[in-house]
Structure formats: C-alpha cells, structure tokens
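Shown below is the structure under consideration.
Labels for the chains are A, B, C and D, by order of writing; each one numbers its residues from 1.
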Amino acid sequence: MTSDIWDAEARRTYSYLGPAGTFTEAALAQVPEARGQIWHSVRNVAEALADVTAGRSDAAMIAIENSVDGGVSTAQDALATVPGLRIVGEYLVPVSFVLVAKPGTRLEDVSLIAAHPVAYAQCLQWLGANLPAHAHVPAASNVASALGILDGTSDADAAIAPPGILDHHELELLAEDIGDNPNAVTRFVLVSKSAPPQSPTGADKTSLIVELPEDHPGALLDMLEQFATRGINLSLLASRPIGDELGRYRFVVDADGHVRDERMADALLGLRRFSPKVTFLGSYPRADRAIVRYPQRYSDDVFVEARDWLRGILSGEPEV
Amino acid sequence: MTSDIWDAEARRTYSYLGPAGTFTEAALAQVPEARGQIWHSVRNVAEALADVTAGRSDAAMIAIENSVDGGVSTAQDALATVPGLRIVGEYLVPVSFVLVAKPGTRLEDVSLIAAHPVAYAQCLQWLGANLPAHAHVPAASNVASALGILDGTSDADAAIAPPGILDHHELELLAEDIGDNPNAVTRFVLVSKSAPPQSPTGADKTSLIVELPEDHPGALLDMLEQFATRGINLSLLASRPIGDELGRYRFVVDADGHVRDERMADALLGLRRFSPKVTFLGSYPRADRAIVRYPQRYSDDVFVEARDWLRGILSGEPEV
Amino acid sequence: MTSDIWDAEARRTYSYLGPAGTFTEAALAQVPEARGQIWHSVRNVAEALADVTAGRSDAAMIAIENSVDGGVSTAQDALATVPGLRIVGEYLVPVSFVLVAKPGTRLEDVSLIAAHPVAYAQCLQWLGANLPAHAHVPAASNVASALGILDGTSDADAAIAPPGILDHHELELLAEDIGDNPNAVTRFVLVSKSAPPQSPTGADKTSLIVELPEDHPGALLDMLEQFATRGINLSLLASRPIGDELGRYRFVVDADGHVRDERMADALLGLRRFSPKVTFLGSYPRADRAIVRYPQRYSDDVFVEARDWLRGILSGEPEV
Amino acid sequence: MTSDIWDAEARRTYSYLGPAGTFTEAALAQVPEARGQIWHSVRNVAEALADVTAGRSDAAMIAIENSVDGGVSTAQDALATVPGLRIVGEYLVPVSFVLVAKPGTRLEDVSLIAAHPVAYAQCLQWLGANLPAHAHVPAASNVASALGILDGTSDADAAIAPPGILDHHELELLAEDIGDNPNAVTRFVLVSKSAPPQSPTGADKTSLIVELPEDHPGALLDMLEQFATRGINLSLLASRPIGDELGRYRFVVDADGHVRDERMADALLGLRRFSPKVTFLGSYPRADRAIVRYPQRYSDDVFVEARDWLRGILSGEPEV
C-alpha cells in the first residue's frame, strides 16, 4: 500500500475510494494482479476515473451496485459519460455493519448517529427497532463516520462502520450485524482504459449503457427484445435520468455473455442499429464465475451454420 | 409457340399449364425473354417443375396465388418439397370469366357446369344469383372445361372459361364477366433451377418456406418478429399443412426486399437460426415494380455502421 | 336416412355433402343425436349452409380441413361470410383411398384417372411412383369419381375413391391404401344457427375469423399476442384472401379453450378491441376430447382474484 | 405554518422534510388545500410516512425523483414496502443551488463542502471545473448543510443550498446557479392513507410497484407488454433491488392514465394476473396537467363495445 519510489515506473497503480478499511479496499484486495502494486486512495468516484483517463492510474476500483440500496448512481452516471473506459473485472464484497462509539458509551446514550447514506439505508430496520428516536448525520465514507467521533469533528454519539474498523481504532462495540439483510453484498468493478476485450471464459458478463432513441414509442420493449431474441439474459437493468429533462432515461445493462460470443455480438449489432447511443463498457468474467447457460439454438455453431447457408444461397447452390 | 427442330439446342424451353388460351399462357406472354422460345404445354404443376429439375425446360410458369381463391396449394406444396428450384420472376394476370356452351344453348337450359375448381370458386356469387340449382363438374383447366363440351367427353351443359376461348373455338357466349370480383387477378411465378439471385432492383420480393421448430410455443410469433424487428413487411403469409398430422403447418412467406439487402440477409440469418427448416425460394422483382419502402433505421448503411462499431470494440478502440 | 313424412316435424334434419359413401357421411355417422334423424344429401358446402340459415336443416356437416391438403377454402370462406352460423361440434374421419376401375381393368391399362381434387392431391406420391404417365380428370366428389366410370359419363380408366365404395358397387380393386400419408384424416364441423355456446368441457376449441385492421403494420403480430399473452395455444391459423385485392387476408383461427373460460373471454375482448372485424364461430368440444393444458397463471381463479384486487383499489381499501 | 392549538382538531396536518427553506417545503406550498393548515417538519422520509400511517398527519410531501440524480431511492423503497399509502398529488419544484459560506470566506479558501448527496450530485460539473480539489461532507438536508457551518457543528468551508437560504440567514454568497442543469427540477408526491382514487381529470398518472414473478424468463418484457398492448405510455420505469440478494429487482412504474380509464384498469388486471406482487400507489393528476394522448382504439367506448359484443356471443345472438 506504500509506493516504493525507486520502481514506481514498473509498478501498476490502482485508485480506490479510501481510506484504508473501506469496502472498496476490500474489493481491491481480491485482485491478484493488484498485490504489491501501488494503491492510490481517492475521495470520490470521479477522481478515481479521472486518474485512469489521465493515465495516473492503470485501473480504478469502484462500487457499482449494492444488493440493498441498488445501483450506485454516481458510478453509473460516470461510466455513462466519461469516454474511453472499459470494465475489466467484477468483485463482490459481503457487507456487514457494526455500531461503534467512543469507549464508555452505552447504547441507551445514543441519539445522533453518523453514517454514510448507503450504510444508513441498510440499517434502517435495526435502527427503527432499537433506536427509534435517533437522528442521522451523513458521513463521507464508512470509515469517516467513526473517525469523526474519535477526533471530535463530529458530534454524533455513535457511528455505523464496517467490522474491520475495530482492528484499527479504539472504539466501543455497541452492536454487531446491524444490517437489515444478512446476505447484503456490494458489487464492485475494476475499470481501465479502453482495450480489446479479454478472452471469453464461458462465465462472462457484458456491460452496456443504452440511450433509447427518441420519438419511438415502445423503444424499451424493442431494446429488451434485442437480447431476448438471442437467448441472452439480463442480470441488471437500471434506469438513470439523462439529466436534461424529467422523463428521459438511459439504461444501465448487464447481459450474460461475452462480446466474442456470436449471440452477444449479434445482439450488440442489433442494439447499435436500433440506437446509435449505445456504449460498450466491457466484457469480463463474472465475480461468481457461474457458467452462462443459454438455449442450444443460440450457440456459436448455429450462427456459423446460418452464415454458411446464406452464403450458399448467394452463390446459387441448391439447398439440400 | 412451335419449335423449330433445327435450332432447338440454342433456344430456351418454358413449361406452362396449357393448352393455349390458359391464364398461365397469358402470364408467360409477359416474359420478354420467352418470346420466340419454345413453349412446352404441360398438364399440371408437378410436371412443369419436373421439367425444370430434369433439365427438359429452362423455366416453368406456375400460378401461385389468386386474389379471390387464395394460394394455389398444389403449387405452394410443390415449391416446399421439390429441391433445387428458384423463383426468378413474378407476373400478374387479370382474371375474368365467361360462361360458354355449345352453339344454340340458352342460359335457362344450363344445369351442369364444367369449371376448373379455382375458376368455379370465383364465380360462386354470380352462379348463386343466376343459376342457383346448378351442379359443378370439375375440369382440369380453364380451357379443358370448354373443350370437353365440344368434343363430347363431358356431359356438362356449359363451361366457365377465359374470354379468349371464343377466339379459338365455336362456342355460344351465355354470360360475360361472371367473376365475383371485377378486380380479380392471379399471380404467377417463373421458376428455374437454383442460381445466384439477380441484382436487387429496389422493388424486390423474397419468397420463403418456413417450417416452425417443434415443441416451441409461440414459434410463429418468433418467426414473424424476425421480419418485424428488421422493418420488413410481409405481403404473403399462408399456412400449409406439412401433411404428416393435423395441426402441423409450414408457412409460405413473401417478404418485401432482396436477399442482398442487409436487413433481409440479417432476417434470413435469424430465421435460419430459429428454424433449420427454412427454404429460400428466391429474390426477384415484384410484378408491380413498386419500390419497397422501409424505415431509415433499417437501411444498408446503418448495418454497415454497426459492424464498424463492433469491429472497433473488438480492437479496443475508445468510442467517440 | 329416409324421411318418414308423418313425423318430419318432430325430427331434426342434417345436411351433408353426399351421396351416400362420402367421408362427410362418415362424419355425420359419428353424431349420436343425428341417428334416426333426417339426413339431407346436398351437392356443395354453400347449399349445406344455406339449408341451415333458411331453416330447412337444423345443422350441416362440412369438411373444414384435411391433414394433407390443408384448409378447405370454400368452407372457410363460407363460414367467414355467411352470418348467423355457429360451429357446435368437431369430428375426425380417417382418410384412405383405393384405386378402382371397371371389372376386368388392369393397373397397366390405366392412363386417365378420375378423382376429386383433394383426394388426388393426397395420392400424388403413389401415382408418381406407380403411374407416372397418368393424367387427371377432376370429379365432383369421392363417390362421383367412380360412378362416372360405371355409368359411362366419364372416360377415365380408373377412379380414386374411399374403400367403402366397394360395398355398394361392382368395381375392380386395382390398389389399396394409395394415400401418401397413412395417418391422413379430415376434420369436419357441424354447423347450426347462432345459439348460446354449450357448457365448457375442459376439452374445448374456439373458432374465429379475424380480419386484421388496415394500415396497421405488425397487425398479425398483435393479433397473435392477444392469445399468447393469455396462455392460449392456437391449433389452426390459416390465411384466406378477403378477395377484394391481392395481399389482403383474413385469418381462420382455432384456439384451445372455451369462450366461457376467463382467459379466452379476455382474449376475445382484446381481439375485438384490436379489430372490430372478428367473427365468433363457436366454442365446442374437440373431436379428440384432449383436455386443454395451460399455465396455472391463466386459470379462472387468477382472473377472479385480479378483479377482486382491482375492486379493492377502487373502493380505497389498503392492500395487504 | 404555526398551529393554533384551539382548533387543531379541525385542521389538517402535513409532514414534510424540513426545516423551513427546503425544496420540499416549496413543494408543499404548491398545495392549495395545505394553506393555513399545520405543517409538520420531519427529518427523513420514513418519519414522514410513519406520521401518515400512524394518523399523526393527514398527508406527507416527499421527493420522489430528480431530473439529474434520478429516483430518490429511499422514497421509492418506502412506498414499496410501507402498506396502506396512496399518492394523491404530484408537484414539480425547479431546482437551483448557491454556494454559501461564513461571511468573509472567499471561493479560493474552500476545500471541504457540505451538501446533501442529491444536491452534491447535481453540482459535480461546476465543482470539477471550479473546485477540483474539494472534498464532500454529506449533510442531512439542503438547509442543514448551511446551518452546520453557521452553528459550528460542521467543519466544512462552504455549503451547497437553495437560493432561499439567503433570505433567512447571514451567509456569504460564493457562487450562484452552480447546478449542472439549468432546467433541473425535482418531482414530489403528496401521500395520504389509502382511499378511493379521485375522479379522472384526463391528465392523470398511475403509480405502481411491480415485483416480477420469479423463474419466468422475459418477465420484464411481459410486464411492459401489459402496458404497450393497451396503448399506455410509461413516464417512469426504475428498477430497485428487492434487497434479499443481488439481481432481484422490483420496478417503480408511472403510467399515463387513471385506474378508472378502461385501458388502465385492464392493464392493471393483466399485471396483477401476471404478478401477484403488484402494488397500486395511486391515480392522481399530473403536475404538468398535460392531457394524456392515446390511440383511439384504446378509448373507453372501444372497451364497452367489446364487452357488449362478448355478451351477445354468450347469449347466442347472431352477429351483425
């Protein structure tokens, strides 16, 4: 995590939302290639991506979706608007929270709670049941919430933080596992500059941003059919406002499969013809390494056979 | 129409449903290339197509659809099952009918009427109004119906025939224009052996036979969507039983456009992947020479642009 | 089969395509209620249906589809255009054919063959293999073909007829089972005047004629979706020209289920809204008595529950 | 805005995200019926809705969508999970922001910025261009951001706030109109307890929460078709995680029209049959009062005519 100045040239740099102890850092720790490299802590997603486009970092780890709170809209919007990026990997981090306070604090003393808004949203049930009269002070990160209590910059009585916080700081543990969903998980993506897609693994995912063509009723249906008619399942479909006026959206799409799969390439061609405003964000291995299943009639050899057949027609061969 | 025996080698032969005077002969007369060539009169569609596949004829003119009676099922079935054929042209013949009899016959004497079944079906209203008590004797062609009366092989009192019959034979004209639809027209196609498609003219039609995959509910919907999602209009969709059991159909499809149009080629690829049992019958100019209209987003250049875009993705270029 | 003049008032009359020995008569013999009633032989479908609309008959048996030759277009067109009719039953008759001739004839003597066109179409393979040089003389019915040979009104050498012909007439049997499909079957429907539909049996079929709205691209897709989105399978979809110009079709539809099934009633409502030109021909038990299967989510109770839910919304009840 | 204690019983109470000066208060000011009533400032959406369900308030005004940042996920999730609520009105508030600080501060002194996360997201471009090295401290509301600076509970150097803040507090105006989109607007809904829907106005909107049935590929397509096949346009389609595991979503839907419109009632029935997990949030007048346009074939009288037709079929009347 420290940079050795004498061989920085030869080492790769990874930007991530810090400080040490965040879930983003835990995601980066899952990347084998990142071990022993330079980890550059930044304060927001835009900064992380700017590091990549400016060449200051080789890749950036950003949170993209949470199983409880949903898409991380700033990350989705950044990927939709910053050109020249490519997602190269996906990582899942289980999310659990503790309630911590200055040593000596008791749960019944807690009234004001510091928490990052996304973390706060994931603990609402527990808070409603155990601290119904609390108020919320938003914090900049899941670590900053606790640090503010320790250094006195926050007048909150307690903070919501990841369990790892207890390894680094002297804090009173008021409650564990206060997240409403014991299976909560956050999905991160590793983003680099544009490059040719990695080879398919059979367990791949393709990420896209699709802006629907205007004045075309039923455009969303048409877009979804580009995938459905090629046997491609979508694992994510999120709408994001384009931002110019209410009611205009772009869609964040994760589709099962790789751009080098025939059915995906064909779907992308169909999508592009349908809407010139489609952005390819990358084809990369799924975090869970689950092999993509699809009907046999969408396999590569079916596509190849159809092309051979068409070629025969054009050359005038009789069909058999 | 007679063959000069000494240069038969150098001339082309066209088979058609005769004898002279049929609507099929009128269709063949519309083919500029057929003038001065050998016209071979046959007795049924199967014989005409067999002439082509055996090499005895260069092409065969066959009736394929009537505006009143619908698809000519024997012709459709023959095209669906005889391999190695290709439709190369389409011709329309206005259809009108007269009621004729032996000289001296009066309309009130008519009880038994000879008529080709398709012609008979087109005159039902007139017959119901003018000869409600008639009976029908099917005839092998629109000319044979009248000839049988003249040569005594039929005991019918009158015959339904094309108006041209009066030019060749001594017959009593009992009624004119007895067809129920004054705009009736029969569509013919000229069929040759498999060959590369002619160049697109912008006013083309593509004919196909599609057998739906089994055990695939909604297969017809899927089939139609292959065309709809590429902006291709169908001018004909007829179901024909496959013949092995009730409830199993193949479809006769005429689609606007040419196999060398990008959108049509893409639809055919989709169709072939969807059902390996698709037969290409040909891309050829429409009889009416009407230019095919389609939404701009299905034009050739949109397909080319999408392929360029995909190529850029695969090579790792940043999108602009 | 003869009418007792003194109690004709009390008996029912059934019209059918005769004479005795036709497949239509065999279909009528399957109707328990028709036994001992008056059977009225007619010469064509129009006459049979006119008997019903005029009140001369209580019902008419007509052939509607053949597993080899397809829809009987005259019957389909008559049902589409004659108002006030209702299909009340469906019957299947296995179809097989024999080749018969005057006593003493041998197969090798046969050159000209009399056959009803539909029967002829079903024997083409056998004829091609065994009598390749034959010619065809159309006959008015499967019985008339043979009678013409016996009484000399036809100069055909042999006739295609149902096997039962041998029970009634002195004929030489030249070949048996000459039909190309050993499982060939013809489907008949019994037609009465308009009346409330019979009770559902769980094994029902609903017949419709649908004319697509004009100037509505994709209308056929929309029509099919009315059924697909209610889990209704179609056992028949046949296109028939409307007759006014080439390229305009109506569709003959047989759908699994009964108009008193919720999903069917809902589909009919959707269909009617989509096209005012939809004609209900009847809901009646399937000939094969096969229980209609459909996804649980289209069962009657799901429809009832949804209506209850909507009623609750309108009354302002909180949802549970 | 003050409560007269002696007639509180007779007056209505409205909960809103305070304190005075928030955009939510501006939305509430648009409600004619709320004038002169009790306005109850709360600290978060959950508290506002709890006031309604517990009967402490008659209605709550909550922000539901922002033209730049998208759906307000906590509000959407609350509406999806808290039973017994109904949306009764929609209000739009133009959104613009100023950057303020303690008197005497200069723009070049600013490093740490307090801002509500939604406001922060809407000023990213301005901040990137003018204060690229800033850090963000989330605030609980657009007013709290500035108040924290004044009362010393926040150590931020500047705050993002609505322009109205300057009317109430002594602050230095560092920059105006710092929002990235000059047309930014936030959409609010007024929520009451369940009650019968108000009468249609012709310019209505219906809000729904739809959870797709599991193990049903293409379920989203099916859901969208429920609307498309009734000519209903969607003005909002947002996905929200259900929260139990990654990849499971519910959808927030705003559809043009009123539950008392025939086409909408029919779509809701279809939707309910398709997924029992559909929640009706309300039919209410659109904020912009724009009359809903739809194809004539989905008008109420078409639905009524179809029902009459079906009734005729069931009673056995001949069709005309």
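Note that a residue touches a chain if its C-beta (ideal position, glycine included) is under 8 Å from a C-beta of that chain, and two chains touch if they have at least 3 such contacts.
Here's who's who by UniProt: A, B, C, D = Prephenate dehydratase.
Bear in mind the structure is a predicted one, so any value in this text is a computation, not a measurement.
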Chain labels contacting subunit C and also subunit D: none
Chain centre separation in whole Å, for subunit D relative to subunit B (CA means): 60
Distance between chain centroids, defined by C-alpha means - subunit A, subunit B (Å): 58
Approximate Å spacing (C-alpha centroids) for the pair subunit B, subunit C: 25
Residues within subunit C bordering two or more other chains: 225
Pairs of chains satisfying the touch condition: A-B, A-D, B-C, C-D
Residue ranges of subunit D in contact with subunit C within the complex: 83-84, 86, 193-197, 213, 222, 225-226, 229, 259-260, 265, 268-270, 272-274, 276, 279-280, 297-298, 302-303, 305-307, 309-310, 313-320
Sites on subunit D touched by subunit A in the complex: 43-44, 46, 65-71, 73-74, 77, 92, 116-117, 121, 124, 128, 135-140, 153, 155, 180-181, 183, 185, 187, 217-218, 220-221, 224-225, 228, 233-241, 243-247, 249
